[in-house]
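Each of the next two complexes has chain A plus one more chain, namely chain B in the first and chain C in the second.
And now, the complex of A and B:
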């Protein structure tokens, strides 16, 4: 079903305006990021509070490998490949020493890593450009000509190219995740989530499985970062990859339903859609009807944005604690008597 | 001179650490009893600071006689403590209680939601810009001049409020019936209920005490830092929560130790490495400590059982 929705999406595009097209591209990129986080939090049950730092590292690596300021300029595809591998490696380097930590301690380590990464990106001005970020990131396919079509120019002019690129990447990641769910490794992830000791007794190496989850999450987040930097043609400033961003993505995954691909996509669509589509629309509507002549924040929609958002999180968790579209496996689980932990 | 500078930084660190510890206690108590990372705790403190600012403004406390100032501060601590404690209990009753048997991450997301709602209330209360809090206490040194160290009246205020509260809390947890019930529930709620502990009441009491300490912390923070804003809850909550985990989450002495360690690291890092690296250093040290002591400095090691 997910795939069907994605396949229809391009047909609707001419009907959408160019600006909206750009926002939908960002939405797809966040979907990829959330699917990456879902590997850790949903499948493996490890709480990760620093996913945005991998998103950021991916974006910065792509920028370092492609911007004119640096001598590399190896082009979008090779740079993306390097960045994805490198973020996976960084994920492994963070995961290896910290995997024996219990749930919430691991969460705080990922949070701490996120803060360290953000501060480092901000302070190493000679390398990362500090608060200005790195730019201009050239569009994908710069300098490549196919059949008289200069791809770089096309990407720069027409947002639809990015739309299709992001959509294709998202479709690829969704396919990958579906294959993962049924694979030996995917089932091992779930087994470790359900009961680590029992899984180990069945011959699963919990360490290897968790490390794989760390690497996959980080790599997918890195890919999302590459697309993000390329579509904005800048890395933006390091604050774009802070704790708030991590929390937003985590909320999207839990809201949609842990371990559920359509749930994750829906969660992102709701959270990002709320900010980029609904809030501006409601504000302009209020302005149009002249409800708020004094410009008071009490009477504007964005003044209430946080409260509405918070209330939505509370209500969804109250009435659908397993998320909007729970994964089939989670829904089928036996929910036995509450225990002390 | 250099030794003196070092001592001075330690003093600053200890004072800040005491304040962080007071906030960390709110996290660690709630975590110890229901296993919830209460993301809204920092924003609860922000609301406490809003209330303190409004009270100071309404009663004109900024201009009272110095002799009355101390009474006024004690009153502020009490009022804000009671308000934050009650609010915390109300939130638990309305939001977290229905989720006691839900999947483990559901209350966490709810807590994030509550934190956003609090922030929005703070935004309406204070406006989007930072507000300065009136200086109720002068910043003159209380130590003898020839020591060459600065310890102002404000620093003294922090110690005078934080230390008695911590002593009272330890007595409460260790020697009263409620404290015993709290420890029982944190070990095993089902068994505690079997021996006649009213688990819901104990949880409510924990939320109240955590909130009360948070309210007291909001007053101390406002008087000490003198700047409040609707986003202050986030950064302070982050450091306090880190302190709680560092000490061993669920452990009350651990939260105090964690707060003091974080305060010291922050002060020394700002002085010797530079303000802008402070955050990275604090969290890097946290990661290193957790790698070698996965249960935190004073946490109990929990054996996993099938």
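And now, the complex of A and C:
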């Protein structure tokens, strides 16, 4: 239902053809990223503070494989496939040696990895262009013509093409996550979160399960990174993939409800939507009415964004500690808490 | 065989026959503990424990608190490794086998680590510049063979040409030394060749420095007229040493990485050799003294986790929902419901496990353990906290489990359960086995009475 509304929306709302369309597209991309993080944090209960690094690695891999500066230029779809597989591989490489860590220790390792990845991207100047980043990343479908329609040009002109591409990717990821939840692996992930020793005693290899979580999480984040770089037509600089972004996505997942797909989507819609859609809109409104002629940050909406952001988190944690839309399992846990503990 | 056994969890009567037959046929014990000793620092939890469990029997392990019963269980189920002694199941040690695959996997990880180290040692950034970027500047099409040639050139530390502000520069392989700047590409190439010959000669021996006339022998008329820019001796030294330096770095990185990666993988493999999941897959399953259910999952899901291995297909099959995967899921669900029915929890399938009453949680743990297809079930105080009527039901359940062909090793404090169901009873006290025999024998044993009631001091 929601999908149908979102699919029809651009046709009815002309605003989505403009800047707003681009902002909503970014929102969809963050939703994909958050769903990827949810595999690790929500289902498997492994704290991951470096998801943005995989987002960045995906973006850079896509850029390396498509920018005119390098000889590869293999096109958006093959490049995305390669980037997703490669980020999954990097996720495995990070996961394999760190699997025996739990809780805080794993959080520190992923945090460290995020910083290492950022600095590496910045310092491999010959490969990644350092602080300049790689650009221009050609739009998806560049050079592809279907029925007289130059897809590359269409993507460049009309943000609705990207809107649909991001929406379709998001729908695909949601479908895969649904299937994961109901599958053998999904149960194994949750079982490892609930009680690792008991899961092992049932013949489940915790190592394999956690590695799968690492790989899936990284791959989905890599996909989000590919879409992000293509939609901006640049990788932006490595600082765009820093700790702040990881924390923002993690907050969105926690706010919405750990392990819950609709919760994660809502969390992103609120936190990231606030940042990318509402704040610019309110700012332009303030400017339009000339409320803030001196440009004081106290009177601009985005000057207050971190305060509002924090307040929202505090309120949610106070009144709905399991998140806005808790997963069925988490809801049970909290319901059970008064008698069980 | 395993499938047949699981199926019959639903109708134990049919199993009764084959279970008994298997028991009488086998001569060696199903589980064989030999001289198991477990020390935690200076504390001896279990000392030199010998225990045989015959297939199809119910053996109880009893003793006062702290006697080492659960420690012995943890040894069997792979949670602890015994300090000394061996656990054999069907005559085999419960360890992951050391196969050629183990070595191959370790070598693959080692190779990957080695490549990573080597990439860092030879400076991946400059390597990329030399191989990819220099291939783009001359306007010639980028080919794989050209890239390979430049890759080799980098590791031979050959002089190369790059572009800066519209001019062609002759540079060292890593781009750190600029030797000449020319407007014309063809001229820059000639200078490069000439300088390269000079560097090569500098490396191979003194006194063989070629001048322009040497180049004429290549047959290129233009080469003869090229005037080579002067190069300082120390720069020549550096350039000449470049080849061995880059090669040494590459090999050293590769070797160090491979050594670390391979030995590390093997070390971790060795430590995880006796992990609980290996034991569980071999056919030993257990319940825990302090119930360890997946308390936020539904009752059905708990049992399905036990059936995990019966469902075919990898990640892709699960995400695509292939027919085989769907059939596997449906079949697993049917078996899970049968297992719940077997322990008397039918009708509770969709409840959250953590919300079940205590006794039901214990029974769910048994259903989950049985679902793994275990041939040996370890029950750690299943009757703890149960009232007399529940205890009676539990004894009945244990007997039905045995009747379905599963051997049971039991830790229990409720003596009426132990005496009713056990074929043999072993008594532990302070980590040592003080008695073993039929329930009747053990009951009369003086050492046992002393352990439980205290000796006359």
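Assume the second predicted complex is superposed on the first by the 297 of 341 C-alpha atoms of A that agree within 3 Å, B and C clash if a C-alpha of one lies under 4 Å from a C-alpha of the other, contacts with A are read in each partner's own complex, and residues count from 1 in each chain.
Throughout what follows, a residue touches a chain if its C-beta (ideal position, glycine included) is under 8 Å from a C-beta of that chain, and two chains touch if they have at least 3 such contacts.
Keep in mind that what you see is a predicted model, and the values were worked out from it rather than measured.
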Overlay on chain A: chain C relative to chain B, clash or fit: fit
Contacts of A:199 with chain B and chain C, given as first, second, both or neither: second
Touching partner for A:84 - first (chain B), second (chain C), both, neither: neither
Touched partner set for A:65, first chain B, second chain C, both or neither: neither
Touched partner set for A:176, first chain B, second chain C, both or neither: second
Partner chain in contact with A:93 - chain B first, chain C second, else both or neither: second
Residue contacts on chain A - larger count, chain B or chain C: B
Contacts of A:314 with chain B and chain C, given as first, second, both or neither: first
Touching partner for A:123 - first (chain B), second (chain C), both, neither: both
Arrangement angle, chain B at one end, chain C at the other, chain A at the vertex (C-alpha, nearest 10°): 80
Distance of closest approach, chain C and chain B, by C-alpha atoms in Å: 6
Common ground on chain A, meaning residues reached by chain C in one complex and by chain B in the other: 97, 123, 195, 197-198, 201, 340
Complex contacts: residues of chain C adjacent to chain A: 77, 79, 109, 112, 124-126, 128-129, 132-133, 135-136, 142, 264, 272, 275-277, 279-281, 285-286, 288, 292-297, 301, 304-306, 308-309, 311, 313, 315, 318-319, 321, 325, 328-329, 332, 352, 354-355, 368-369, 372
In the complex, chain A residues that touch chain B: 41, 47, 97-98, 100-102, 104-105, 107-109, 111-113, 115-116, 118-120, 122-123, 195-198, 201, 243, 247, 250-251, 254-255, 258, 297-298, 303-307, 309-314, 316-318, 321-322, 335, 338-341
Residues of chain B defined as touching chain A within the complex: 31, 35, 37, 95, 98-103, 105-110, 112-121, 123-124, 128, 187-191, 238, 241-242, 245, 249, 276-277, 279-280, 283-284, 286-287, 290-291, 294-296, 302, 304-306
Chain A to chain C touching residues, read off their complex: 69-71, 93, 96-97, 123-127, 176, 179-180, 182-188, 190-191, 194-195, 197-207, 212, 216, 329-330, 332-333, 336, 340
